[in-house]
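Got a structure for you, questions after.
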Amino acid sequence: MQQTRRLFLKGSMALLALASLPRTLLAAVWPKDSFDSTSASGALNALLGADVTTPSDQIAMKVPEIAENGAVVPVSITTSLENVESISIVVNKNPRPLAASFEIPPGTLPKIACRIKMGETSEVMAVVKTSSGIFSTSREVKVTIGGCGG
Amino acid sequence: MVRLAAGCLIFVATVMVYQDAFAGPAEDRQAFVAYFESRFPNIPFDEYANGIYAIDQDAREQWQEIETFPPYEFTIDQGRDLWEAKFPDGQMYSDCFNGAEIGVRQFYPRVDPQSGEVETLATAINRCREKHGQASLKYGGDEIVALSAYMSFVSRGQPINISVSSDEPRALAAYEDGKRFYYTKRGQLNFSCADCHVASAGQYVRADRLSASLGHPTHFPVYRSKTGGMVSLHQRFSGCVRDVRAKPFALQSREFRNLEYFLTYMSNGLGVNGPGARK
Amino acid sequence: MANQIKISAKLKGSVADVKSLMLHPMETGARKDPDTGNTIPAHHITQLIFTNNGKQVMVANFSTAVSKNPFFGFSFDGAKAGDTLKVSWVDNKGETAELETQLA
Amino acid sequence: MDRVRVNNDIVMSLKTLSIITLACVFIATKSVRAEDVGGSSCSMPGVGTQIKDIKGRVLTHEELFKQLYDEAECLRRAAAAAGAEWLETETLLLRSLEEADEQRWDSALALAEKARFQAGQALRQAEHEVEAWKHRVVK
């Protein structure tokens, strides 16, 4: 009984999703394995098929030195590399290191900004995949435990 | 009997000290502002409206990034909807706040001429609801905070303009009570508001830098990254009192309303810039 | 709330500068409810998609490590005034939201 | 930051202390009502030592707890009336009651004593602050 009900719920939810989703969304697949991976290399392997990245000074990542609050850490990444296919943010010490991954179609600038959560002080790596390889740059972001919390 | 006498003596003594210990509100404020000017000579007066971000550069950049598209925008929308909704009698909040679409935030808290009590924006909102037969909103709850956020938003840039009328003794009494609260050490840690936010402003408490009290009330309510939600000024008071391990007073209690009255008067002339984003 | 997405798009020549904000708890699945002590199940946006006149200009894949009420900004070329920019998200529970705006 | 100054030279009974405190706080805050002052006449059995009643009978744990609890609660109320109650005092008292219900007298007495100490310190703090705060005013 429980079982079937849960199945039914799942089904109906999927339907609801399908119904209201734009076509484009159905095309793109959320890289579950990469996001579930508990290691940075595991995540990159699952996402890009390799965990070796070439350090590049053509990637500019703006992150704070000391995060005011680990729950909201502003990250912005831009690169002068050519033919960028995707930009990903990896937080090595997070339980699941891959925080977000952005697919960049032709015409879209390799320039993104978002806000992420960090559990503790960690290297934050910007990983840029281009037609000619996988490049990265890293910065350490300190996460401190507050006193009275601003 | 002896104790009674002692009590009386102290009564008299206290009253005397109490009298001459007090400069007027205007002098208090001048001294308050002057203190921070000499403490942080490079910080222009208007900057104090930005709280700790007037002092902490690294934090300021993160804050500015968040303020480019702050999460409280959803709250402002909610507040606008509430503000524009009609009461069953066809009237609206604006009818209580002298038709003000232009902000009125800068005039609160004020002393209500009838009751002689300090009326904050929050109590004024509930008084308006009462007047139109509506149940009071829960202080610190989503709706009243959203309304305050919207009312602050439409008041942005208006200089805070609180008066402690000399011909209203109850106003002066409320001001003095708030002032006493502000400078009184309390709790197991034995801190006063001033210990942290005057004497130690800009210093670190573990990982946090202490903000200056000048400008404290200008930007509330705030969206806090810590809770991922909106926090009213009195909720913040409550948090501070808790932090020094004293039992907090109720939101909108007389103690907190009088404190807000004193604190906001100290910030006269600074621009309203609420709602704000804070850690 | 009614509008679960906010978007601001500014045209600079043919480049559209897009900023967006979504109302979403982004629960990690690791947090405990302070009252009940029960773990709060993960609830987070998985995909955020932008199309301009039907052409896909951005697919953002999110984990639970994206902050509550997510902010996301990017830019794309080949935009002109009057274009229809559409943003939509789907989360791990299959819930969705979308919003359209005209570039100006 | 300086802690609450506990003046050892003057051994002042909490009774006198609270009356004076409340008298002062009354003047300072105008918020203390008569019944609060009434509530501040507290007796002082030293916990740990044997307490005897007038007939020389040693009080039972239960009787001792009752005295200690009542005094602590009465001091807490006085501290609250002075706007100076500490964060945990009430919780300590609640926990002491739970322990007492379970007849766990040692922990019940210990918790009540801790609460009494906190409430007493809060009152001393309030008394001290009646004057002390004025010297912190930015001039």
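For clarity, chains are labelled A, B, C and D in written order, and residue numbers in each chain start from 1.
The definition used in the following text is that a residue touches a chain if its C-beta (ideal position, glycine included) is under 8 Å from a C-beta of that chain, and two chains touch if they have at least 3 such contacts.
This one's a predicted model, so the numbers in the text were calculated from it and none came from an experiment.
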{"item": "Pair of chains joined by more contacts [C-beta pairs], A-B or A-C", "value": "A-C"}
{"item": "Whole-Å separation of chain centres (CA-atom averages), chain A against chain C", "value": "14"}
{"item": "CA centroid of chain A to CA centroid of chain B, Å", "value": "40"}
{"item": "Whole-Å gap between the CA centroids of chain C and chain D", "value": "56"}
{"item": "Whole-Å gap between the CA centroids of chain B and chain D", "value": "32"}
{"item": "Contacts with 2+ other chains: residues of chain A", "value": "71-73, 76, 113, 115"}
{"item": "Shared-contact residues (touching 2 or more other chains) in chain B", "value": "66, 225, 228"}
{"item": "Contacts with two or more other chains, residues of chain C listed in rising order", "value": "19, 67-68, 71, 73"}
{"item": "Pairwise chain contacts under the document criterion", "value": "A-B, A-C, B-C, B-D"}
{"item": "Sites on chain B touched by chain D in the complex", "value": "3, 6-7, 10-11, 14-15, 17-18, 21, 23, 28, 31-32, 35, 173, 177, 179-181, 183-192, 194-195, 198, 242, 245-247, 249, 254-255"}
{"item": "Sites on chain C touched by chain B in the complex", "value": "1-3, 6, 8, 19-21, 23, 25, 67-69, 71, 73"}
{"item": "Chain A to chain B touching residues, read off their complex", "value": "64-69, 71-74, 76, 113, 115, 144-150"}
{"item": "Residues on chain C engaged by chain A in the complex (per definition of touch)", "value": "15, 19, 26, 28, 30, 46-47, 49, 51, 56-68, 70-78, 86, 88, 90, 93-96, 98"}
{"item": "Chain D residues touching chain B - in the complex, by the definition given at the top", "value": "1-4, 16, 19-20, 23-24, 27-31, 80, 83-90, 118, 121, 125, 128-134, 136-139"}
